[in-house]
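Heads up, the thing below is written out as structure tokens.
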């Protein structure tokens, strides 16, 4: 029981499965809502802009850990019955949507004004203008920052450990406690995170360089 | 399910919570200050002639930025003692925050330094200043000014991250809250309240940063 | 266009503009920088809202309702100084987009319309390239084709050649002259006086948000009534 | 300066340059873009390292040791085309910086030196402003004052007026003429031929990294020996 | 949900600890296991429903029950007066001795010896309460997320003693043989099954079930399997902690 054998590695990998699943869920959920947030944030409707600005400032101004706790305990109070992982999903979605919304707002506003004017002049409606003209360009501009946030999100799922989720970080703690080799176990856990996050980070940096090169042309 | 919201127990503990908030603020400020120092020294090392030093800085930055804070702080608290390095929870928290924030600060500040026009550096050299003087006197301040917004938002994130320090039983707002929670079982009320307190802390930080900006970086640019 | 007034904040950008454009007429707008030429033509298809007055396009009076704005934009094409092609779409997609999304034309049909007008501006062989792969003059011709694909009743041009290198100006002007010959109603902001002479029915001179003078090109150029017009003409002719 | 050679990678930027500048002499360097003028004067204070040859400044032979580089930089001031004032310091701080940090002068004394030279370039009343609050001509005069504050034995100028609006060129040239009158050793890259005529002891013409021709300004301008020099002079005089 | 609703649904959601060997833990094949798990499975069989486990962190147990996330707690819930105000306990079904563990070379025989030390405990556990009550302000109590972290803290030398249950000794010995020992016994607590306050149907069903397994020997079998000892005698009543809904 004192060595790190296949069982322990398997246990860590099961944690990793949750880490990836939680990240994916948070990213998809955050992506969908983040898009709405970004659109609301750039709409012509002032109260909508204000509201979403408040939303963003609240979720960027409080710790993800607190968001997890508040959603975890709060959601049942409004009469819904949910599993821990639904609560974690909701919290990650809210969190990610605020950050992605802000990233994409910036990108939408960075699309040259002439583009939406040209679309207007052609008689294109809001939906087509947004879907066909603005968003494809904005998403390209925002890709490096989006990838960067994905890395943050993957790391952020480690906080689900604190509300009792056995994902990678938590699995590491459990294995460390069973094997009494924290140096090794946390080293391995850190390395696993690194192996997932680093290629993404590199990819993000490469995208950024490519965009910068394109802009310099 | 008859759960009635009751914030009174939380408000009874307000003095403790405020002390915890103060502790959080202390951790965050200490962490940020060290992170800024690490950031500046790291960039200096990153720009130095010694490629080993440059490689070390790059490795440090990439490792820290691509692993979770929770794992980092566990590593420092539970694993480093095996190598004979033992710090109490508060010190551990400050080190972890400094290391984490420092890695991001290096990346951000490096971006600012890279954006400084070559002519500025050449003008400094032509006046007879040494490379280190040029970095310190001529490059640093305009570089910091240009990346100030991203640096400060990173530091706000760092402040929020400090809540994770509760996992090593450091004394700060979240750990105080968890003790109150375990005494009262008023989980939602407790966490809701301290979420608001964190929000206030980050707003305070933002105004502090704005103040510093006005004070130090208010020189006009074209 | 009757008594149109427009403010940017406290800045009075258009001062009681009255202008009648007949079907098939070609108007050239000129005047010093900041005189409100762009603002004027951007009001016509409501890219800029205006505070006072009336603009009637082909029987539709522009109000702030999206119905009339849409109706007008469908009938009036616009070409910008900076092309404003959509960089993430091929030339063909740029042109086919509006017919598909606005008129609901089927894709195949929209593309055949697009090809027709690309041929019209003699750029059909570039249909599958992206805007960034074209020269400035080619891009501007695509922009013209894109506007034509909506088969508009009138076209607005805002300095269509001023962002172009001199060698490319001619190819764009030739395209516009061809369009004028075919009877298109055109309002064109430009300082290309050769073009004005050749196609304009009327030249209008603006300064400080007002229409100072208008007239047939020959009269206008030979014998401007106002001192400001004379000064302006003297300046732009000196540059050439 | 003897047999100086300089490569950028495989590009041969300076080809066996030999140049002797006497104390108090004023040299004007001219030549087409890319001919290596900037490279040459940047080698003198070792902003660019060079591969072959020797540069001796006031008895100090430049090698790659930081001791000799420092010694030379202390004695040679440089003024750039793009001013390169430090934006986060006031005019006074810009000027007082180097005396304090390089010579170890006390702050009060450094500032009085700074004020002296700011007065010299007639800009003393702007001492507490930041560079961004000054016009281009004023900025360049501050840059000159900043270099003078180190009380250098020689000054290098790299196209000091070419980033300036025409109205401001004169105020900078006047400052430089004043400096020349006071006996400063100067090497100046410029295309201001009036200035060259007025102050230069020698005009040197470079092309493709070589010194093609040199001579007194009157001779040089009236009777250039080389075809390339003639072509170049013809071109720059046409622009004025 | 009421007992009848759960029967109708055919599934009971049991709150349990996920990493507190041997009480309740997820074994290396990812399945919930342990003493509480086995008892809960017996309960499920008794009711004729399927059992779904919801692994909970120590501090989340009561909130999860109160907010209805789980139907019942077989979650190593020590019976305390304080908690009895928030949940309804059943009769006791397990016992637990809370003690202080520390390194052998450190002399700790009485609470007074703890002055100035740092003592680790899992946050919101019975150890937390016992140690905090005992040392008041003379020692520093460090509260970690769970047993694992508390034990790790002592192994890493971050604390000089930990407050733990009877299983800590075995785990400490596994880590470093002959290094640690049991120093002070604080109290023996009893674990009860937790249900929501006032829900009589649950309380009665559970108590009846416990009576049954204690008399037919099933309980003793499970107890010996996990605890390595025979079940102790359980008290008939504990002051201020009612076993039944009044």
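Order as written gives the chain letters A, B, C, D and E; numbering starts at 1 within each chain.
Heads up, the rule we're going with is that contacts are C-beta pairs under 8 Å (C-beta built on N, C-alpha and C of every residue); 3 or more make two chains touch, one makes a residue touch a chain.
Bear in mind that the values here come from a model prediction, so they are computed numbers and not experimental data.
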{"item": "Shared chain contacts [subunit B and subunit D, defined touch]", "value": "none"}
{"item": "Graph separation of subunit B and subunit E (steps between touching chains)", "value": "1"}
{"item": "Copy-to-copy rotation for subunit C and subunit D - C-alpha atoms, rounded to a multiple of 5°", "value": "175"}
{"item": "Distance-maximising chain from subunit E - centres being C-alpha averages", "value": "D"}
{"item": "Distance-maximising chain from subunit A - centres being C-alpha averages", "value": "D"}
{"item": "Subunit A and subunit C: spacing of chain centres that average the CA atoms, whole Å", "value": "45"}
{"item": "Geometric centre distance via CA averages, subunit B-subunit A, whole Å", "value": "20"}
{"item": "Centre-to-centre distance between subunit E and subunit C (centres being mean Cα positions), rounded to whole Å", "value": "80"}
{"item": "Approximate Å spacing (C-alpha centroids) for the pair subunit D, subunit E", "value": "83"}
{"item": "Residues of subunit D engaged with two or more neighbouring chains", "value": "none"}
{"item": "Junction residues of subunit E, two or more chains touched", "value": "60, 63, 67-68, 145, 149, 152, 156"}
{"item": "Residue list for subunit B, restricted to those that touch at least two other chains", "value": "1, 3, 78-79, 82, 166-167, 187-188"}
{"item": "All pairs of touching chains, each written as two labels joined by a dash", "value": "A-B, A-C, A-E, B-D, B-E"}
{"item": "Subunit D to subunit B touching residues, read off their complex", "value": "45, 47, 66, 70, 73-74, 76-78, 80, 82, 84-89, 97-98, 101-102, 130, 132-133, 143, 146-147, 150"}
{"item": "Subunit B residues within the subunit D interface of the complex", "value": "117, 119-120, 122-130, 133, 137-138, 141-142, 145, 217, 219-222"}
{"item": "Residues of subunit A that touch subunit C when the two form their complex", "value": "112, 114-115, 117-125, 128, 132-133, 136-137, 140"}
{"item": "Subunit E to subunit B touching residues, read off their complex", "value": "59-60, 62-63, 66-68, 82-83, 86, 120, 123-124, 128, 142-145, 149, 152-153, 156-158"}
{"item": "List of subunit E residues in touch with subunit A within their complex", "value": "18-19, 26, 28, 30, 54-57, 60, 63, 67-69, 145, 147-149, 151-152, 155-156, 171, 174-176"}
